[in-house]
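Working notes, beginning with the structure itself.
Each chain carries a letter (A, B, C and D) given by its place in the written order, and its residues are counted from 1.
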């Protein structure tokens, strides 16, 4: 699903009309400047109105949109000399999670993230960003490596969830996620996570036991998909849009619930409208947090992370 | 010791097993039909047999309170945080009603009992999930009580045993429920760094967020026979792969074969096995 | 192959003859006591002669004999309250390596060993004691567990080698063995290994980076099987018996090469003749070594192990 | 820097590639036939191309000395333990003769070159195995030199790079050869505890005891394209399973897919990639 399918519809219609007027005015040599100015102002207003008042369900759509930037896009934009590293050293290189090393400005970092595809072919290769246990084990390997060499870890979260198939169960999907939660909580380096699209349940949390968790403005993070919850509650997946409204899955809901630490601004209309702008915001956030942790003692880094999760739900 | 326990059946094994049985055609006041072997069995006989089918060893569900009695020396169990009850953090529709209903039905305030007690005189911390309370789902209070149980073990340098039984995260608590996975797992990491043993016991069913957190983190992982253990539930998997699941898929024996369970222990032998393991761990 | 197929032949013939004489003497009421005494003395001599002068190739046979006691036999005889623990928590429970916890006298220990079968069915189940990567990973898991709870580790070595199949290669046989060598060398508890049968190459060493390595008298330990070497050197596996003589694979050879620390006595004719006796010797050895390490500092335990392997080959 | 190196081809890329080619029907003084794509190529062209087929990028073997020149800044390499040579510890028949033969032929004293030098001004310890010396087999001296290389890295707080190429353990040194696996692996454990990076580079072929020890222990494992990497050699596996091996089995790309190699890097890009990795590791 492309992000401009539904939400953008009135906006695109208006944009097209303005183009038409411009063309007309040029071709027929009629002065339509007043009309064009009026329409442009209207467009501007409409954009604000639509994009700043997205419903949770519209945000679900936006967070999953096929043109929404992925982990790779942000790595390209914020990281220099990135080298992707592969494999869990046990069974497979799971392409639904990527990871590697590089610099953000002058700081060496390890970056790990769920990776969706840009088209059908890549999505099949990457299993639509739904990892098998191998993906979590690769992530853990790279995190331990980061710890050894004292590099901060950045994780990008963007998955419908961990994959639910025979092989995934056989090879211990539950164990793999559990082990990541367990081990991440003890890592002797800061971990900074950013939900950039879908934060789908345990499959998302498997990269998310971090010192700081931020969300892109229009991303979501939830224990189950709205469709999943609708079919459990009302045996009717089509009620997902209603369900989304009660789920508290938007960045502002999660900020209020003190589950996340920061909302990172997206451009009007969503991250895909201006990847550079979104990346700049992400990069600034990361650098700010890296600086925050720079002179912290290891014990404090670990205990801050512990306390963060220890008190979620308590502080409401 | 186990023998002593088994002689006390009357005190702890009188549990309702009705909900475990599908076929109600026989007079279900006295007789039940085993879901596994199909035998018609005298209900009292099953109850007095720790909810195990005397014909085929099928392990029916055991309410949490009975499990505590099964594992812990008589009179030594001290429950902690017994009064903690869930609140409707997210204002989720009809959640309070649901909580009240399960509370009334199960006579428990939440889906887990936590505390400490003795196993043949060895002191342990113990958490037992209750499959009958909202399917043993993990909300804030379940996560909180288990975390406190772990923290109690750390403070008092005790081994901890967690008996898992859960349908997964509690949907009505949304993201807060998901975060209980992180909270409990990190507490276990702390326990582990204190070199205290954690024994995880998996019972039917152990799925979802519980499997993907503390259930799979035991230094030793023990399972009852034939328990369903998995991350995704069978129905979800079936929907995903659009075909039937192989016989025995996600059962204890399957997990043993695939390397995720250390040993399968019959309910009747569980206390004795735990005792031996604790002894070997110097407890 | 049963151990009494070739080596025992003249002995068994003599034993049978003595039995015959006894029977004859009883049935026919003839006094054959002198003859019987003479034959018995001859038997005694023959036994010593045969069993104390086994050729390397005969020892290869003995070490592989189907009635040679296995890891399980020794566990039963030296360990009380043993609880077998299963699985690598990653992929499989490999039955070619078993492991678990129990007591030797009053000391809690972790015991791990290659496990061969007693018959064809069990041998198929246990893959003739040839582990897949899962076996080594299970062993490592149990070793880390032992380290956490401060239990000495005993390993029994008895394998033709790590398995050479597609799955084993796909899932990283080399990685699994390498990781064990690497991790074992850092474990903060003493490790005591006993080669009880075949010590086959890397597949054996994968359980053998230990503080102390002992061998049962008639066991072998080598970089390759005699058959393998014969076919590499002379393209002729049937020359294995000749090759065995130059390989230095017997316990006395390895003791001389300072690769092992101790030869544990077997009863005349091999361990299978008296499992209790062999077990008693093993148990005494283990307890002696456990006592040796009891009051050692962790750093010393690790550095002694390091130095042991560091100087192999150097001290000749 | 790489460019500079590539311009110096004449100095280090004049290597004999004859043994890499099967088909000698074309005039093998000037022409060779690529084992991979079958093209007839001008031999000099291959030699000047770092022993890479200019048509299909097939990486032929590269002698150890050339590899050192390829990776290390000109004039900065200092070899250590150059004079260590194997002795016949086990009195193995004809071993001395074999050693002499390979020594004469390869003009090297053993199957590994060890030392230290600079990669674009970053100092590293380096071990390079020589596939031409007794098939790069690991005997006591190979293990010893690599261990000393690792110990040098530890003492001098340097990263270490080991370029693997080996048929496995050296049969003529029996159990002593096997023990080199333990010796090198434990040295790497010590290095690891000092938080110094170890980069393992796998080249064709890396098998047997080398695969089952230091080759697979890199913090990062890099492979050249299409290298054979495995524990058991293909012939042994074929004998075991009694069927042909799948296309591409045990090749670099296969290992990447199965999770055992971090990245595959062309020979020409290797130095630059190492440089970047070292920089990220703060070297």
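By our rule, contacts are C-beta pairs under 8 Å (C-beta built on N, C-alpha and C of every residue); 3 or more make two chains touch, one makes a residue touch a chain.
Protein identities per chain, from UniProt: A, C = Acetyl-coenzyme A carboxylase carboxyl transferase subunit alpha; B, D = Acetyl-coenzyme A carboxylase carboxyl transferase subunit beta.
What you see is a predicted model, and the numbers here were worked out from it, not measured in a lab.
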item	value
Set of chains whose contacts include both chain D and chain C	A
A-B or B-C, whichever has more C-beta pairs in contact	A-B
Separation of chain A from chain B, taking each centre as the mean of its C-alpha atoms, in whole Å	35
Whole-Å gap separating chain A and chain D, where each centre is the average of the chain's CA atoms	42
Distance between the centres, which are taken as Cα means, of chain C and chain A, whole angstrom	55
Set of chain C residues in contact with two or more other chains	89-91, 171-172, 175
Where chain B touches two or more other chains, by residue	192, 216, 258-260
Category of the chain touch graph - line, ring, star, complete, other	other
Chain pairs that touch, as defined at the top of this document	A-B, A-C, A-D, B-C, C-D
For the chain B and chain A complex, residues of the former touching the latter	89-93, 140, 143-144, 147, 169, 171, 173-183, 185-190, 192-193, 208-209, 211-217, 229-232, 236-237, 240-241, 245-246, 249-250, 258-260
Contact set on chain B toward chain C in their complex	192, 195, 197, 216, 219-220, 256-263, 273, 276-277, 279-282
Residue ranges of chain A in contact with chain C within the complex	89-91, 137, 171-172, 175, 179
List of chain C residues in touch with chain B within their complex	81, 83-94, 101-103, 108, 134, 138, 145, 148-150
Of all residues in chain A, those that touch chain B in their complex	162-166, 168-175, 177-179, 181-183, 185-186, 201-202, 205-206, 208-209, 221-224, 229, 232-233, 246-249, 254, 257, 259, 305-306, 309-310, 312-314, 316
